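Starting off with a structure, shown below.
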Amino acid sequence: MKRTQRKRKERLFLWLCRGATFLAVGILFILLFHVVREGIQWLDLQFLDNFPSRKPERAGIKSALVGSVWLIGLTALISIPLSIASAIYLEEYAPRNKWMRILEINLANLAAMPSILYGLLGLAIFVRYFDLDRSLWSGALTLSLLVLPVIVIAAKGAIRSVPNSIREGAYALGARRWQVVFFQVLPGALPGIMTGVILALSRAMGETAPLIMVGALSYIAFLPEGPSDPFTALPVQIFNWAARPQEDFHGLAAGGIIVLLILLLTLNAGAVFIRHKLQRYK
Amino acid sequence: MLSRWIDHAVHLVLLVCVVITLLTTVVVVALLGKESFLFFQQVPLWEFLFGTRWEPLLEPKSFGVLPLVVGTLKIVIGSIAIALPLGLLIATYLSEFASGRMRSAIKPVLEILAGIPTVVYGYFALTFVTPLIRTLFPDTQIFNAASAAIVVGIMILPMISSLCDDAFQALPNSLREGAYALGATQYEVAVQVILPSAAARVGAAVILALSRAIGETMAVTLAAGATPQMSLGFLESIQTMTAYIVQVSLGDIPADGIEYLTCYAVGLLLFVMTLIMNIIGNHFITKTHKLHS
Amino acid sequence: MSEPLKDNNFSLETRNLSICYGEKQVVRQVNLSISSHQVTAVIGPSGCGKSTLLRTLNRMNDFIPNFSMEGEVLFQGKNLYEPSIDPGDIRQKIGMVFQRPNPFPKTIYKNVIWGPKIHGYKGNLQDLAEDALKRAALWDEVKDRLNDSALRLSGGQQQRLCIARAIAMNPEVILMDEPCSALDPGATARIEDLIQELRNNYTIVTVTHNMQQAARISDQTAFLYEGELVEYGATKKIFTQPEKKRTEDYITGRFG
Amino acid sequence: MSEPLKDNNFSLETRNLSICYGEKQVVRQVNLSISSHQVTAVIGPSGCGKSTLLRTLNRMNDFIPNFSMEGEVLFQGKNLYEPSIDPGDIRQKIGMVFQRPNPFPKTIYKNVIWGPKIHGYKGNLQDLAEDALKRAALWDEVKDRLNDSALRLSGGQQQRLCIARAIAMNPEVILMDEPCSALDPGATARIEDLIQELRNNYTIVTVTHNMQQAARISDQTAFLYEGELVEYGATKKIFTQPEKKRTEDYITGRFG
Amino acid sequence: KELKGTVKVDGSSTVFPITEAVAEEFGMLKEHRRVRVTVGVSGTGGGFKKFLAGETDINDASRPIKQQEINKAQKNGIQYLELPVAYDGLSVVVNKANTWVDYLTVAELHKIWKPGSTVKTWKDIRPNWPDQKIQLYGPGTDSGTFDYFTETINGKSQASRSDFTKSEDDNVLVNGVAGDKGSLGYFGFAYYVENKDKIKVVPVKQGDNKPVAPTLTTINNGSYAPLSRPIFIYVNLHSAKKPEVREFIRFYLKHAKELAKEVGYVPLTDQEYQKYLDQFEHDFLKLAES
C-alpha cells in the first residue's frame, strides 16, 4: 500500500517534470510562431539592404543591423579582455580577505543592476563627461559596463572550476604565476568563459532602454564608418516600428525580431562550436 | 628574470582592470547620489519612502514611492512564483530524468527564451497572455500585473532551470547512489536529497533571477501599463520602478525639473534594493556553504 | 572461522551471470553463492569487474545507461530481475556502502533515519537511530552532536555513518565496495572491527583490493580476474593453498 | 642498502622547522637531513603533518593562505626561504609528484615538455620527452600516441607521466606525496620499481602511509607523529629494531 | 554646389514620423547625398536638454517649450525658433459596442477627467445613459498628449484624475478600448485613423457649436476644437548658419504638408507653412546680420 503510493508519487512527479519542460518548449514555439507569422512576409533581401523609411514596403534594417554588429563587436572588444583579466585577478592573484568579499558582493550587485541605470550612467559619463556624443563609442562603452560584471562572474566560476591539482602540478615544475595562469588555467577555463561571454553578449544585443538613453538614433540613412559615428541598433528600430500606428510597421517589427533572433542564434551556435573544439581534452 | 618581471607586469595590468570594475560602482553611486540629493532637498526623505501616492507628473504632485515599490514587488513575486517551481521541475527533468542527448538538445533551446528581446515579451503579453487571462477572469484590466509577471517569469525561467541544472549536475553521483541504495524512489531522491543538497546554488540562481525580474523594463512597461497604485490585486494595472524611469527619461517632460530628478531618486532606491538583496543572498549562501563543508 | 558451503544457507546466488557495458563484456559466466551471516570478500586486480558484480546484487546497475546482463541473480531463491520485482524493495533488504563515504548533506541524525522514514517506518525513529549508530560503533563519538552536519565528521566517521545508515534499514545483506580505500589505517582498522561484529547479524559481501584485509576479515573469498571467477572458497584455504596458479600469483603480489 | 648518514652527502636539511596553520601548530621542531641519491620515506598516521613537511621542502606551501613557519630549510647549504631566492627556481630543481595523478589536459607530449619549455630549454624537446618517458618506464606504452590527450591514460600511466614530467626538468630532488595511494596494486608495483631505478640519479623523498611500501623502497625512514619527528634512520633499522616504543607500535599496526 | 555636413535632430517620438519622412525625402535628392541627417527619440524633454546645451540642431517637440526651458536657453545663449509643422487631433474614442454616445461636450469631458472626478458609470455623465461602468484609457502622464489634454480640458496642465489606465504605447490603448465595452480613451489622431474598424470616435461639442468629429478637414480648418494641437520643431538659429541645416528646414516646411498627411498627421494650411518659412528666413537673416 505504502509502496504503491510512493510509486504513484514518483510517476506523477516524473510527468510533472516532463510536463514543465515541454510547457516551456511549447511556450517558446508559440512565441516564435507569433513572431514568424507576422514577420516572415517582410523578410527579403531588400529588407536587409534598405534604410528605414516611412513607407513600409521600402523600409529596411540595414543601418540597424550594421549598427548592432558594430556595437556587439566593439562591446566584445572592450569587455572581454577587461572582464577576463579582472576574473583572473580576483581568482588567481587577489588575497582572500574581507575587501575581496566586499568586492565580490559589489560585482554581484553590478550584475544585478537594472540595465536602465546603466543607461543613466552612460548618458552622464560617456555622452556628457567624456564628450563622446551619441557615438558607437558611447553605446559600446555603456553596454560593456553592463556586461562586464556578468562576464567576470561567469569567468570567475570557470576559472575556479579548473582543479587545483593542475595549478599545483604547474607550480611544481617551477612555473611562474603568469605562466600557470595563461598556459594552464586559462585554457582549461575557456569553454566556461566562452559560455558566459556569449550569454552576456546576447543579452546586450537585445537591450533597448539603455541604448535609447545614450543616444541610439531612430532614423539614420547611412552606415557608421568608425566608432565615432552615430548609430542605431536592431532593438531600437524594432521598438520604434512597433509603436507606429500603421499595421504594416508591426509586421516590419516582427521581421526585425526574426533578424535579431537569427543573429543571436548564430552567435550561440558559434559558441557551441568553439566550446566543442576547446573541450577535446576533457 | 624576464619571466619574473612579466609576473609583476601582469599583476599590475590585472589590478587596473579590477579598479575599472570598482570605479563603475563608485560612479553609479556618485551620479545617482548627486542628483538624488537635489531631489531630497525638495522632497523629504520620509515622504518619498513612506508616501502612498506616486503622482509626480500630476497636479497636485505627490512623491510617495511605495506604489512603485509595490508594483515592482508584484512583478518579482509573481514571476518568481512561476519561474521557480517550473524551473526546478525542468532542472530536475534535465538533470535526473532526461537522457544526455535530450538534455543537450533542450537546454540551448530553452536558453533562446532568455535571448529574446524583452520588447517581444511585452507584445506577447498583450496579444496572447492578457486575452488568455481575461477569458478566465473577465474583470481583468487590459494592462495588469499578472500578465507582465507571467512573461517576466518565462523570461527568467531558463536562467533558473539552467543554473539549477548545473547545480544538480555538480552534485556527486555518490549522493544519488547512496539514496537509491536505501531503496528511495526517484521522487524522493530528487526532492529530498538532490534539491536540499544544491540549496546554496539554487538560492544563488534565484537571487540572480530576482534581480533580473526587478530590472526588467520594456516588457513591464508595455504589459503592465503605467498606473502606479497601492493594491494587492494582480489583475489591475501597475507601474514598476524601472518602467517609471524609462517613461520619464524618454517622455516629454522638461529635463531639469523636479519631475525629472525623480528618476534618479527612484534609480537610487532601485540600486539600494538590489544591493540589499544581494547582500542577503550572499549571506544566506555562505551560511549554507559553511554548514555543508 | 569458515564452514563448508551449505546449500540451504545461501543468501544470494548468481547463475551464469555475464555482464556487458555496451559491446564490452566485463563479467563472464560467474556462479557465486553467498552464505548467510558470513563475510564474503571479492578480490581481484583493478578493472576485473568487482564493482560491476557487486552492483548487480542489489540492482544498483539500473542507473548505468549501457549496462546489459545475462543469467540470474537469486535472492532468497527469487530472481531479482523479474519484472514483478520492485528494485526499491530489493535495495531496502540489500544495503550498500560505497568506496568513498557519501553521507547526505544533512544532519547526522537525519542521515540515519532518512531511509526508514521514506519507507514509512512506524516505530520510534530516535531509538532506531541510536541503535543503528551503536551497532556501527559511532554512537559514542556523535551522541552529543546528532544535529551537526554529517559532512563535518572525519572520513572514517562518515564511512561508519554510512554503515549505520544501511543498518537502520534493517537489511539482510550489506554490500560494501572497497569501504576502506579512502580511509587511513586507523579508520580502516575500526571499520574492519565493525565488520567483524556485524557478521553476527548480517550477510556481508565486501570488495577490496587489499589482500591482507580480505584475509583478516572474511570467511569466504572470491578471486575475480578479467571478469572470470577464478577461484572461490574459504578464505583460509585461498590464502594458504590456492588451487589455481593465478590466484597464488595474485596473492603473493606477483602481479596485480 | 643504507649507509650511515654522512654530513657532506646531505641534499636537503630542515633546522628546527615548526609550522603552523593559523594558530594550529602541525609540525614541531623537526630536524631532518636528507641524503643525496637515496630514497627517504616519511611515514606516520593521517594528519601527522607529512604532506605539510614535504611541501615546505620546495616551497609549495607558498600558496596556502594561513601558513606560517619558523626554522630553516637548507638546500645545498642555502636557506630556501631567503628573500633573494626565487621559488620558481627552487621548484625547478626540486620536483614534486602528487597523491592523485594530475596531468595537464593537454597531449602526453606537451605534458612532458611544458616545464622545460617555459624555462626556455634550448635542446631538442623531442629527445628530451623521449628520454624522460623512458626513464619513467612509460615510453613503450605511449610512444605511438604522444599526441593523445593525457587524460585518456589509466591512473597508473598518468602517475608515471607525472613522474616523467618531473624528470624532464632534470631536477636534483623529487618529492612524492603518497604517489601510489590512488593506484591499484599492479600500478603501485610499477611505480615502486620505478622509484628503485630513479634513486641512481635523483634524491627522492616520498610520503606514504603504507609501511610495507616504505620498507620495500626506502633507504632512510622518518617516522612523524603529531608533528614531531619521533625517529629517523636507516629503514632496515627502523623496521627491525626501532628505538622508540611509539615507532614500534605504529609499525606493528597497533595504532594508526 | 553639393552640400555636405550633418543635421542632428532629436526629441519627441510623436513628431518623429514626420521628421523621419522629411529626412528620408531630403536624403533622396542627389545634391543632398553627402548630408547626414540623424533623428533620435529622447522625448521632448530629453531632446530639449540636448538642444539647449547646443548638442543638436533641431528639436522635435510635441508641446511648446516650457518656462524653465526658456530660462535655460537664455542662460546658455541659445536662440531658437518655434515652427509648428502639423496638427495632431486628439481623438476621444469608445468601444464599437457603445451605441449610446452621440457626442461629448467639453464640460462633460471635464467632468469625467477632472482631478478627483467621481464619474464611475456612463450614467454619471448623462442620466439617460446606461449604468455601465466606465473604463478610462489615456497616455502616460509624461507625454505631451497628456499635457495638452489636461490643459485644454481641465484648465491646468497635468491636472487630471489618476485612476485611469495609462500606457506609453498608443497601440496598446487602442487594444484596450477595443476590448472593453464601457471604455473611453483619448490618443493621437493617427492611431484612430489606423484602427477605425476597431473603435469608434466621439464627436466633441464646444460651447454652442455643433459636435464635430476629428477628420483631416475639421482639424485642418480648426473646427475640431479644442482638441487639436500643433506639434513643433525647434530650430537652433546658430545652427541654421550651417547651409545644410538651413536647407533642411526649408525642405521641411516645403514638404511637411504632404508628408505629415502620409504618416497620419494633419497638415497646416499652405499659408501657415509659408508664414513660418518667411519667419524663419527673417529671423535667420536678423541673426546673421547681428
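First chain written, first letter: the chains are A, B, C, D and E, and each begins at residue 1.
Definition applied: a residue touches a chain if its C-beta (ideal position, glycine included) is under 8 Å from a C-beta of that chain, and two chains touch if they have at least 3 such contacts.
What you see is a predicted model; the values in this text were computed from it and never measured.
Among the remaining chains, the Cα-based centre furthest from that of chain A is the centre of C.
For the pairs A-D and B-E, the larger set of C-beta contacts lies at B-E. For the pair chain C and chain E, the distance between mean C-alpha positions equals 83 Å. Between the Cα centres of chain B and chain C there is a gap of 48 Å. Averaged C-alpha coordinates give centres for chain B and chain D that are 51 Å from one another.
Centre-to-centre spacing of chain A and chain E amounts to 37 Å, using the average Cα coordinate of each chain.
In chain E, the residues touching two or more other chains are 13, 41-42, 169.
Residue positions of chain C with contacts to 2 or more other chains are 88-89, 118-119. In chain B, 3-4, 127, 185, 188, 246, 249-250 are the positions where the chain touches two or more neighbouring chains simultaneously. Per the touch definition, chain B reaches chain A in the complex via residues 3-4, 6-7, 10-11, 13-15, 17-18, 20-22, 24-25, 27-28, 31-32, 85-86, 89-90, 92-94, 96-98, 106, 108-120, 123-124, 127-128, 154, 157-158, 161, 185-188, 190-191, 207-208, 211-212, 214-218, 242, 245-246, 249-250, 263-264, 267, 270-271, 274-275, 277-279, 281-282. Of all residues in chain C, those touching chain B in their complex are 58, 60, 63, 65, 87-92, 95-96, 98, 100, 102-106, 114-115, 118-119, 149, 151, 162, 165-166, 169.
Contact residues of chain A toward chain B in the complex are 6-7, 9-10, 12-14, 16-21, 23-25, 27-28, 30-31, 34-35, 82-83, 85-86, 88-90, 93-94, 103-117, 119-121, 124-125, 145, 148-149, 152, 176-179, 181, 199, 202-203, 205-206, 208-209, 212-213, 235, 238-239, 242, 257, 260-261, 264-265, 268, 272. Contact residues of chain C toward chain D in the complex are 45-47, 184-187, 189, 209, 253, 255-256. Those residues of chain A whose C-beta lies close enough to touch chain C in the complex are 2-3, 6-7.
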